[in-house]
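Below are the C-alpha cells for one structure; questions will follow.
Order of writing sets the chain letters: A, B, C and D. Residues in each chain are counted from 1.
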Amino acid sequence: MTLRYGMVGGGPGAFIGPVHRMAAALDGEWRLCAGAFSADAAKSRQAGAQLGLRPDRAYGSWREMVEAETTLPPDERIHAVVIVTPNHLHHPVARAFMERGIHVVCDKPLAVTVEEADDLCRLTASTGLVFAVTYNYCGYPLVKEARARVRGGAIGHVRKVVVEYSQGWLAELLEAEGHKQAEWRADPGRGGPSAVLGDIGSHAHHIMRYVTGLEVQGLFADLGTVVAGRAAHDDAVVLLELDGGVRGVLMASQIATGERNHLRLRVYGSEGGLDWNQEEPNRLRLLRPDGSVEVVHRAAGTRAPMAAAATRLPGGHPEGFLEAFANLYSEVARAVRRRDCEGGPTVHDPATGGDKAHEPDFPTVRDGARGIHFIDAAIRSQDADAWIEAGYALP
Amino acid sequence: MTLRYGMVGGGPGAFIGPVHRMAAALDGEWRLCAGAFSADAAKSRQAGAQLGLRPDRAYGSWREMVEAETTLPPDERIHAVVIVTPNHLHHPVARAFMERGIHVVCDKPLAVTVEEADDLCRLTASTGLVFAVTYNYCGYPLVKEARARVRGGAIGHVRKVVVEYSQGWLAELLEAEGHKQAEWRADPGRGGPSAVLGDIGSHAHHIMRYVTGLEVQGLFADLGTVVAGRAAHDDAVVLLELDGGVRGVLMASQIATGERNHLRLRVYGSEGGLDWNQEEPNRLRLLRPDGSVEVVHRAAGTRAPMAAAATRLPGGHPEGFLEAFANLYSEVARAVRRRDCEGGPTVHDPATGGDKAHEPDFPTVRDGARGIHFIDAAIRSQDADAWIEAGYALP
Amino acid sequence: MTLRYGMVGGGPGAFIGPVHRMAAALDGEWRLCAGAFSADAAKSRQAGAQLGLRPDRAYGSWREMVEAETTLPPDERIHAVVIVTPNHLHHPVARAFMERGIHVVCDKPLAVTVEEADDLCRLTASTGLVFAVTYNYCGYPLVKEARARVRGGAIGHVRKVVVEYSQGWLAELLEAEGHKQAEWRADPGRGGPSAVLGDIGSHAHHIMRYVTGLEVQGLFADLGTVVAGRAAHDDAVVLLELDGGVRGVLMASQIATGERNHLRLRVYGSEGGLDWNQEEPNRLRLLRPDGSVEVVHRAAGTRAPMAAAATRLPGGHPEGFLEAFANLYSEVARAVRRRDCEGGPTVHDPATGGDKAHEPDFPTVRDGARGIHFIDAAIRSQDADAWIEAGYALP
Amino acid sequence: MTLRYGMVGGGPGAFIGPVHRMAAALDGEWRLCAGAFSADAAKSRQAGAQLGLRPDRAYGSWREMVEAETTLPPDERIHAVVIVTPNHLHHPVARAFMERGIHVVCDKPLAVTVEEADDLCRLTASTGLVFAVTYNYCGYPLVKEARARVRGGAIGHVRKVVVEYSQGWLAELLEAEGHKQAEWRADPGRGGPSAVLGDIGSHAHHIMRYVTGLEVQGLFADLGTVVAGRAAHDDAVVLLELDGGVRGVLMASQIATGERNHLRLRVYGSEGGLDWNQEEPNRLRLLRPDGSVEVVHRAAGTRAPMAAAATRLPGGHPEGFLEAFANLYSEVARAVRRRDCEGGPTVHDPATGGDKAHEPDFPTVRDGARGIHFIDAAIRSQDADAWIEAGYALP
C-alpha cells in the first residue's frame, strides 16, 4: 500500500521541498496527495496544480489543509504531513496536524525554541504518532555502517570526535540581494537564534550522536558573524565534552568560501579511527593503528545489516543525497504502517532486496529536541563566555 | 501529465529492472501501469501484484501484454514499454510493441545481431516512434559538461581517447554457481556474441562517442576469456582509429578483481585534457597544459546548460547513478510528449528549475545500433587477427 | 663552497637527527664535520665514527665540542651547529655556541620557557648570527605558493583559518614501554609544558602564520590528556582571534588513532579558499566561490618565484618531506654565506636552476619565540578557563 | 667508506644529471669526484668547477676521463661511472669504462640497439663488474611492497596487468623550439628507434616485470606519432601476452596534454588486485574481491622487509622521486662494496635503521637489455602489423 502525504511549504523557489518530494517518490512508498505550498494562497494552489494534485487538495493555507483533510474519508486523507516551511512555523504546523492524528515529517531544526521542542516531544508521546525529523545525512548507508562499527567496538573506546559542516554559499550577503533561502535563514525571527547552528550545525550535532551514541554534557561555544551586515551567526566552533569525558569539536561555517556541503565526521578510538565525508558518501575510511586505511565502499565491504538494507545499487554505482533522504522516508513508512496497518507488507523493492529486520530507523522528535537544546546551550555559553553544562533530560 | 509505461523483464532477482523503476519514479513523470516481468507467468503476475499493478495488467507474458494493452482505451494504455530482458529478447519484444505504436525504452545492448539492430533502426524511422537505449552513463550532468567542453573546443583538437570499464564481479565462475545475472550474460545465445563488450564495452563505446562526437573507423581487438570454464569473453582491449585518425583505446574487463564499476573516460586534446570517472561522478577533472587541474563539480563550476538542466541538487550534495538514469527517463518523457501531446508541459521539478531549451537528449536506436556494429567489428578483427575497417552507414 | 656543520643530539634511536643530516646533504651545500650525538660520551663518539667523522671531532659532549671547535682554524671549524636534542637543552646549547660566534639551526620548539626564547632573540640580535628554527613544513614549495597567493590577494580578505596537525602514534602509552621518542616528549621537564603543542601544535601555529601573515591576538585553549597515565597533554584545540578579528581554530592531537602526520591548513577569504595537506604536499587546492577547485601541482601551475626556487623536479615527480627540509638548509646556507662570505656563490644545482632573488627564507629565532609564547598563552588560557590576550612584542 | 663516482653527461640544461647527483648524495654513500659533463670541453670543465670538483678531474671529454682516471691510485680513482648522456652514447661510454674495470650506473634505456644491449650483457658477465640501469621507479618502497605482495600470493594468480605512463610535455613540437631535452629524444639517431617507448615505455615495461616477475612472450604494438612534424613516436599502446598467457596492456604517451608523470601499474589476480601510481607514491591500493580497498602507506601498514629497508621516514612524512632514486644508489653501493671491499659495512643511516638482509636490489644490465629487446619487438610488430613472438634468451 502506498502511503499518502501532504506537504506544507516547499513551493516555488524552495530548495528542500522538491528534495522531499523526490525522496518520497523514489521507492514508490509515498504519494503526494495534498499541499499548502506557500503563504500566498494563489501560489500555493498553482504549485499544487503543477504537481498534479487534485484541485480540491491544493490548499490555500496550511490551516485550510488541516481542516479539510480531517473531513476526508480515512482511505483518502493523508497519513502524514511533511513540513518544509521556514523554521518558526514548524511548531504550530506540526502541533495542528498532530492534534488531528496525522503523522509528521518535519525538516530540521525541529523548532525555534526549547519550549516548542519540548512541547512536540510531549505531544508525540501522548498521541503515539510517528514524528520524524529529517536529519537526512544519517540515511546514508555508510553512516549506518560507521554507527555499527563504532558501536560494535571496531575502533575501541571512543576518545575524540571531530565533526564539521562547512559551506561557502553565505560568503556574500545574499540576504541583502533578495535571495529567498538566505533571507529567512538569516532572520532570527524565522530561522531561529543561531542561523549557522540551526541550518547546518544541527546536522553535525546529530550525525555525531547517531554514529557514536554519545551525548553532549558540556560545551564552550565560539559563535561569530563574519560577513558585515549580517544579523545572524555564520560561523561557529563548539568545543564539546561528551559522555564519559570524551573530547569533541564541532565546526560549522557558511562563510568557508568555495566549500560546497562539506560535512565530515571523524571518530578516533583507542583502537582505530573512522572518517566519513558527505561529498564522497559511497566510501568510509577506517583508520588502523598502524596507519593503513581500509576503505569500505557502499555495498562493497560493508558488514552492517542496516547499511545493506539502506542501499539500492551494487558497489561502484554511486548513490547520493536523494537516496539517503529516501531511506528516511522508507523507514518512516515502515513505522507508519506498523502503527496504522498492523505491520502490513511494504512495497520497498531495492535491488538488494531482503526483509528489514531492524526497528524503524529515523531521527525522531526527541533527536530534534536534542538539537534545539544543543543550540540553546551554545548560545548560553557564548553569552557567558564560559563552559556550560549541556546535559538535559528530555520531557 | 504523468506518462504510463509497462515493463518486460525485471522480475525477481533482476538487477536492472528495479533501477529502471526507481529512475522512472524519481521525477514523477512516469508511472508503472503494466508488466510482464518473468518468463514464468505465475512469477510475472506475482511481481506485478507486489509492485501495486492492477491485476489485469500484471501479465503472464509479453505477448499477452502487447495484445491486451492494445485493446485498452488510449488514456489507459501504456505510452511506452521498457525492455529489461536478457539481450536476445530485445529485438522481438521491441518489434512487437512498435508494431502496435508503443514507444520503446530498451536496455543495452540494443540487440544480439547487426541484422536485428538495423531492423529496429528502420522500424523506428518508419513509425516515427521514440526509441531510447539506456546507455545511462550519458545521463550524468558532468558527462554532459564534458561533451559541451570538448565540442566547444576547450581542449583543442582531440588527439587521444582512453576509455575503460573495469569490473571484478566475474572474477569467479559465477555462472556455474546459479548466479542468474551471470548465467545469461555468459551464454552467447542470450547475452550476445561477446559478453564483456555487450555488457560493459558498449557503455564505454557510447560514452566516448557521446562526449567526443567521434566515430570508430577502424579497430584492432584483443578479446579474451580469462576465467577457466567460461563460454564468453570476459576481458577485452580494443585499439581504435577514430574519425580523422584520432587514436583511441577501449578496455573492458569483468575479471579486474576488486574493481566495482570503474568506467573512466579520458580525452586528450591539443590544448588540454579531461578525465571523468563514474565512481566519482560529481566531479570532472580538466587538465591544463601546465599540469594544473581544474576540478568542476556538479552544479559548481559547470557552464553547459544541458549539465545544469540535468541536475537536481546544489553542488556538494552528491547525485548518483539513479539520478543520471532518471535524466534519460525525463528526456524520453519530453520526446514522447512532443510527439503525442503536442509539446505539453512537463511536471519536471528539480530544485534548479528552469525550462529545458535543448532537443531531447537520450541515446536512440541509432546509438544502440552503432554499439552492435562495434561489437561485430571487434569480433571480426579478433577472428582475422588484424585491423578492421569499422566505419558504416546506419540504415 | 660547502659549509661545515656540527650536530648536537641525533644519535642512535633518534628520529630527527638523520632527517637533518639527509636534508643538509641533499643539495651538497653542507658537510657534517663534527658532532656530540649523545649524552653518553662513548655512544656519541661511536656515532661520529659511523657517520665518517674525524675521530677528534666526534666529541664526548656538546660542552667539549664547543670548546674544541673554537680552537680550530677558521677554515676547519664549523660554520653552524645543528641542535636536535630534547627541548630543554635547546637554550643552553644554542647560547654556548652563539657565544663563540657559531650560527645555529635549532629544532622546534625553540625552547621550554618564554624567558629562554626571549633570551635567544636578544642574543641573536646582539651577535648578528644566523639562527634558524626548523619549522620545516614551510619549506614545501606549495606552502610558499599558498603564502604568495594569500598575500597577493588571490582569496580576498582572509576571514577564517582552520589548521590541524593530527597524529595517532601516542594513542598508546608508549612512554611506559621504553619508547625513547615518547619518553622525553611526555616529560614536561624535557619536552616542555605542553607536549602536544610543543611537538606539533607549534608547527601548525607557524604554518598558519607563514601563509597568512596573521598573528594570534587572543585565544581560548582546551588542552587535554586522553591516554590514562600520561603526564602531558596529548590533545588540544585552540580557538584563535587573529589580527583584525580573523577567526581561527588550531587543532593538534597525538591520539588520533590511525592518523600519520596529518598537517592540514585551510584558509578561507572573501573571494576564495585554499587547502593544503602535508601528506599530499605536491598539490594545493584553490577553492573558488563557485565551488570549483583549481589544483595546482608543484612545478605545474605554480606562479610564485619562491615556490619555483624551492623545487628540484618537474611536476609529477613527487618531492617530499626531506626536500622541503632541505630547502631550509639551502636558505640558511645563503644567509650564512651572505654574512660570512660576502655573498659568495652557491653550489645549489636544482634542475629548475636559476638564481634566487628573494631574501633568505627560513624561520628565525623570532618565529621560534612566537611559538613559545603561543604555547605559554594557551596554558594560561587553560588555567584561567577563559579567553586570553595573546598578542606580544618580541624583545 | 664513501664511494667515489664520476659522471658522463648531465651538464648545463640537463634534467637527469642533477637528479643522479642528489640521489647519490642523499644517504652520504657516494661522492662525486670526476666528470665529463658536456660534449663541449669548456662547458664540461666549467660545470665540474661549479660542482666543486678538483680542476684536474673536471674533464674535457669522457675519453679523456676514462684515460686519466685509470692512472689515478686506487684510493682516488672512481669506483663507478654514472652515464647520463643521450642514449646513443650509453654503449660506447659504458664499454670504455668497463674495459678499465670501472662499475657502471647507466640511465635507461640501456642502449639504442639490441646488439649494443647484448654486448653490454656479455661484457658485464665476463668482467664481473656491477652494472645498474636506473629504472628508478622500482626504488619506491611501495613498489617493493607491491612486488612482495604479488609474489607472496596476496592477489592469487596474476591474470591481467595494465601499466601506463602518460605525460603531456611533448603535446607541442618542442624539438622545433630549441628545447634540448626534446631535441635528442625526438631524434632517432640519438634517442633510439622509438622515443616514447625508450623514454617512458621502458619504465612501464620494467615496473611491470619488477612487480609481477612476468616476462613478455608476445605483443602487438600500435605506435603513433600524433604531433605533426615530429620524427619519432609520441604515443604507444602495446598489447601483451605475458608468461602463462597472462593478458597485459602497456600504454605510453607523451602527448597526453595535462598529464605530468602518470606512471600507474595495476595488477589483477584471481583473489585481488593492486594499484600504484607514481604521483601518489606513498600509498598502495590493494583491492579486495568484495570491492573494499586496503590503502597501505609507506611505513604504515607495509609488511615487506625490502620496503621497510627502502624507507627513511615515518608514515605520513612523504618520500618522493629522489628518495626512490637514492635507493638504487644505496643498493648499488652495497653491491660495489661486496665486490670491492669484501662486504665492508655501509654508512647507510635511515631513521628506520636495521641491517639489510636482502641481496642488492637494483635493475641490472640484463633488465636494461630486456627493455631494449621489448622496444625492438614492438617496432617489429608495428612494421608487420601483427602479433609478434617476443620471448628471448639473454646472452
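As a working rule, a residue touches a chain if its C-beta (ideal position, glycine included) is under 8 Å from a C-beta of that chain, and two chains touch if they have at least 3 such contacts.
Source: prediction; values computed, not measured.
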Subject >> Chain whose Cα centroid lies at the greatest distance from that of chain D >> reply: A
**OP:** For copies chain B and chain C, work out whether under half or over half of the interface numbers are shared, and give different or same accordingly.
**Re:** same
**OP:** Mind checking the centre-to-centre distance between chain C and chain D? Centres are C-alpha means, answer in whole Å.
**Re:** 34
Subject >> Centroid spacing, where centroids are CA-atom means, of chain B and chain C in whole angstrom >> reply: 55
Subject >> chain A-chain C separation of Cα centroids, rounded to whole Å >> reply: 44
**OP:** For chain A, write out the residues touching at least two other chains, lowest number first.
**Re:** 259-260, 288, 291, 293, 297, 300, 315-316
Original post:
Is the way these chains touch best called a line, a ring, a star, complete, or other?
Top reply: complete
Subject >> chain D to chain A touching residues, read off their complex >> reply: 288, 290-297, 299-301, 315-316
Original post:
Which positions of chain C touch chain A when the two form their complex?
Top reply: 155-156, 159-160, 162, 168, 171, 220, 222, 224, 226, 235, 237, 239, 247, 249, 251, 253, 255-260, 266, 268-273, 286-289, 291, 293, 385-387
**OP:** Spell out the part of chain D that touches chain C in their complex, as residue ranges.
**Re:** 2, 14-15, 18-19, 21-22, 25-28, 50-52, 167, 169, 259-262, 278-282, 297, 300, 312-323, 347, 349-351
